[in-house]
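Please find the structures below.
Look at the two complexes coming up: chain A is in both, with chain B in one and chain C in the other.
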Partner chain A sequence: MHYFLLFFIISASASAELTPINDSNLSNVNGQNGAAIGFVWDNVYATGEDIKLTLDFDSGIPLVFTDFYWVGHDSARKGDGVYGGNVGSYDDPFFLNIQEENITLTDGETITGTTLVTAFPEGSYKGSNLDAGKMDLGALMTLEHASGNTDETWLLFNGMHLDGTYLKSWAPDGGGLAMSGEINFHADELIFQTATIAGAPSNNPNSAWQISEFDLYLPIGHSLYQPATLTISEEQQVIFEIAAVNSNTAAEFYAAPTGSFRADNITLNDWNAGASYIEGIQLQHLKVQTHDLN
Partner chain B sequence: MTLIKTMLLHSCLLMSIHSLAELVPVDESNLANVSGQAGISLDSTVDLTIGNISYQQRPTDSYFMLNDITARYSYVGATIDVTAQGALRLGLPETLHIDEFSFGLYNSRTATIDINNPDDIQTYTIYADTLGNAYDGFTLNISGTSFDNGSTTFTDDYVNSATLAGNKNTHLTIEEATDISISLTSEDDCSSFFCDNAEDYAHIVIVDENGNIVTQAGQSGTNNTNLNYSFASPINNHFLMNVTLTGTFKMGGAIEMFGAGQVAYKR
Partner chain C sequence: MRLAVMTCFITSALVSPAILAELHPMTDVDMAKQSGKGVIEVSETLAGQVAQPGGIDVSFTRITIGADIDINANINRLVLGEGVRQDGLDNSDNADRATADIDFANISLGTIDSSGIVHDFKIVDPYIEFARNNSGDLIGFRLGFGEVNGTMGVEIKTLSGDVQAVGQLNLGLFSINLDSSAHNVREDDITDDLLGIDIDLGNFQNMTFTGTNNLYIGLQSTAINYPKLGAGAQGTAQSGFWLNLQDGVTSPGLSLDSIIPISVSNEHPVNRFTGYF
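So, the complex of A and B:
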């Protein structure tokens, strides 16, 4: 009987040889990487046809947007020549993730909490070469004055991307919403152009404010030393606050990267105002509170 | 010997399966040809209203609210597919026509009841009855933390701590109670030979202004029934902004979703 058992084992072993699994095999296994959900935009565009977005305030003077496009960089803005833009890749996607992280309270105590993270691709900040990662965004804003006059202004963001921008949020003790993040905004051109004609803007630099190679990098709070909070007061007012730096958090705060604003060239109609840089921005404390919401 | 034969048979069977069922790797080009991956095309017409979506920071007050949300739109040419890499691919519609998308943005808070303000009045009707043979009637007691606080009014047949002889049901209408406790006692007092099986079932039902039953208790054979209920607190909404969107969007491209693992990000 033992011989039969041995025969059985040998026959099974000969057929079911185990082979090592390499990294490329593992990369195809589903579910190995946790709970994050990645997104990529593949050739995405949207153009408005006879749209009307109305924001109506108490004042009775509405703010109206009557045209819109969001297309790939340098695409046509309407019609058959429109093509889309790509945001992210499988290796570097836009993503949502829920994760456990260390969070430092303003008194210096560090706790472990659950955070929700949403982030644009690292893209140019990580050095990856994303195909056509830039997009052009434009909207025609109309302001109807009480006198009956109307102002129209095109807001144009050409070659824009938000690579590296992220927002992390969590629930702090005491209610409200705590968050931290970074804004990384780049646009090849920012144009604010008065529009007296219907349809797409003329791109005539002599009728516009134009900022070339615009970059804004702004850290907003940090989970490890400076949380930002969004709360509602007893008086029903909205309060956005970036916690003040104190002795518990100063060392990490001053060691962190600082914010910057860069515009390589600014033109106002035919007047060239040159380059403008603001660097070393640090928000030691910020508190913004409404006063008239009741 | 039978056992030996059985094991030998199993060994031969396993060998034959292995020799015939060799596993071969399936590459992506093979997977791409699997039927069912051609995707689904969607056209849709949507007419949707939502009363409100609110964000509440504290349990008893302070809301941000999107009110009276209306979405009437239709789209043509959306697709759902799965890519060869296993990502869910959502193709944007070729055309999205929006007849109306609108909502109001409000800052809201619970408020002290103003009995002179019709918007603050919430009316509920309480029905109390015995489902059995209440020969001597029943007793209905009502109490509550905010009940009868000067802004609450009662109408109709309410009887507090008293026997309503000869009646089998009663009802009352209250306005602006925010918390209420009700007990109904029905007396199963028939002891004669002719009503041995009679039961007096205490039954309480609270109905809102639209005739919808918001809660009820005591339908199944108890003589005493208690019901505690907190009414919705009145909310004052402060208008901030109204948003309306109409028009047509021409769209293209797709958004793909997939498991991304622990993606590193700048921080």
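So, the complex of A and C:
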């Protein structure tokens, strides 16, 4: 019988008055500052060989995901050799908090609102060693074309963690969902591999698109100067928008950390493309609105 | 099924009543009247449908997201394919600059005018496309856009790809168009198609896109002809990272600094608030 342990660390002050924090302080949150609930997933893994997730689009070609696994780094993907990994630790747990804090509206007005914060432990993002918490995540993606051809591709995230990633959300006056956050994603390897061996990733490196030492840091809005919103239009289309910077918020925006991406090495089939990176990403405005394809 | 442990990711979501209030239930009859293709479309191009260099068989799978993206952004540096190429190719005049297949600095998408109004760079229908050989191996991948409109500022250090841009050169009382192009790996010049004059790509700092389609960045392990979308021109993508940037691209406001060697420049578009350069 496999097991997992889920620990809850509830601070002694959980029933007391909530203590507000701002984004600059959030990266220092370790679940023990003020009122919060910390979660530790200890030796957790999941394998679902027969789970089938089908995304069926109107174009008639469904995307089918099977053979999921989420296991400890370098663990076997099936069988008796499977072992788990950790998300968080007692000192640095996965973190959940409801708090009152200042929110700056796009016109520069600051209000006090209730936010819900979900955060992965800061871990190696802040320099501590969380290698033990790295996980391997994978699934087999199958595309069954109308022609009868089938594309099978393994999507493999090896040695990944999300340390320092957080999402803060609140309900704005105008409806919908407002949010801000940061993505801190690392993977030792990202591999997109042709499934030439049934039920297991191929060992043929020439069949893969492989990205080594992948790091992504991307701020998504900010509650103090650039809220992001998620709404549904009258036409039932999804609208995601990161508010435009304006003269009221420019000073804080330009002083904030910028986004970045880096891959130490990228290979595709037998071509080694070397390193690739993007530095200094500043989103001054973003609006994504879906529409039906014709 | 063997499911050892299932866990639920805890995500934060405060869904206001306003979201729910805007949703309208559809009956099966109403649903049957809908004829749209949905937000995401998966399409296939069979091997043999697009002629390939060397006559190899390549099939393609494209996933298109039906979305309008309005973006205003600044990016300090974009470097793709850094290091010595496997084939050793380098067509730059200044080898010190050719350290990557694509090397852009000070990229701006959109502008901010003197009144502080933010003008977006507009993207329609982004897609990703995978190329496979007849063994099913991945040999190419590209990120492309159905159409783009707006202003982009960039300092091009090195470029690999097919680029064609009309540079509008101001000569005092009149201006002339430099219809220029580059089609190679690790180039730092663009050549005027009529006069044969080489112009440093670093001078094309202000580009305007008008209904530009077939814009993509790809990575290939071998030369590939991707399926052509729209009316825009498109050549063969060579090994490594490759940019296709043709048609509907102008670079207005070029100025002539000297005659021999010809040197032109234009100013980088403004995309920051005053006082924050």
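In this text, the second predicted complex is superposed on the first by the 255 of 294 C-alpha atoms of A that agree within 3 Å, B and C clash if a C-alpha of one lies under 4 Å from a C-alpha of the other, contacts with A are read in each partner's own complex, and residues count from 1 in each chain.
Here, a residue touches a chain if its C-beta (ideal position, glycine included) is under 8 Å from a C-beta of that chain, and two chains touch if they have at least 3 such contacts.
Just so you know, these numbers come straight off a predicted model, no measurement behind them.
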| item | value |
| --- | --- |
| Touched partner set for A:I232, first chain B, second chain C, both or neither | both |
| Which superposed partner A:D151 touches (first chain B, second chain C, both, neither) | second |
| Touched partner set for A:Y277, first chain B, second chain C, both or neither | second |
| Chain A residues touched by each partner, larger count belonging to chain B or chain C | C |
| Contacts of A:G175 with chain B and chain C, given as first, second, both or neither | both |
| Contacts of A:K287 with chain B and chain C, given as first, second, both or neither | second |
| Chain B versus chain C as contact partner of A:W41, first or second or both or neither | both |
| Touching partner for A:A208 - first (chain B), second (chain C), both, neither | second |
| First, second, both or neither for A:G159, with chain B first and chain C second | neither |
| Touched partner set for A:V117, first chain B, second chain C, both or neither | both |
| Residues on chain A lying within both footprints (that of chain B and that of chain C) | 4, 39, 41, 44-51, 55, 57-58, 82, 84, 117, 168, 175-176, 231-232, 236, 238, 293-294 |
| Chain A to chain C touching residues, read off their complex | 2, 4, 39, 41, 44-51, 55, 57-59, 61, 63, 78, 82, 84, 94, 96, 116-118, 143, 145-147, 149, 151-153, 167-172, 174-177, 179, 192-194, 196, 204, 206-209, 231-232, 234, 236, 238, 244-247, 250-251, 254, 258, 266, 268-294 |
| In the complex, chain A residues that touch chain B | 1, 4-5, 7-8, 11-12, 15-16, 28, 30-34, 36-58, 68, 82-84, 90, 92-93, 95, 97, 99, 117, 119, 122, 125-126, 164, 166, 168, 175-176, 182, 184, 222, 231-232, 236, 238, 293-294 |
| Residues of chain B defined as touching chain A within the complex | 3-4, 7-8, 10-11, 14-15, 18-19, 57-58, 61-62, 64, 85-87, 89, 92, 96, 98, 107, 109, 238-267 |
| Of chain C, residues touching chain A in the complex | 1-7, 10-19, 21-24, 36-44, 46, 59, 61, 64-84, 86, 100-101, 110, 112, 116, 118, 120, 125, 130, 132, 135-141, 219-222, 239-241, 271-273, 275-276 |
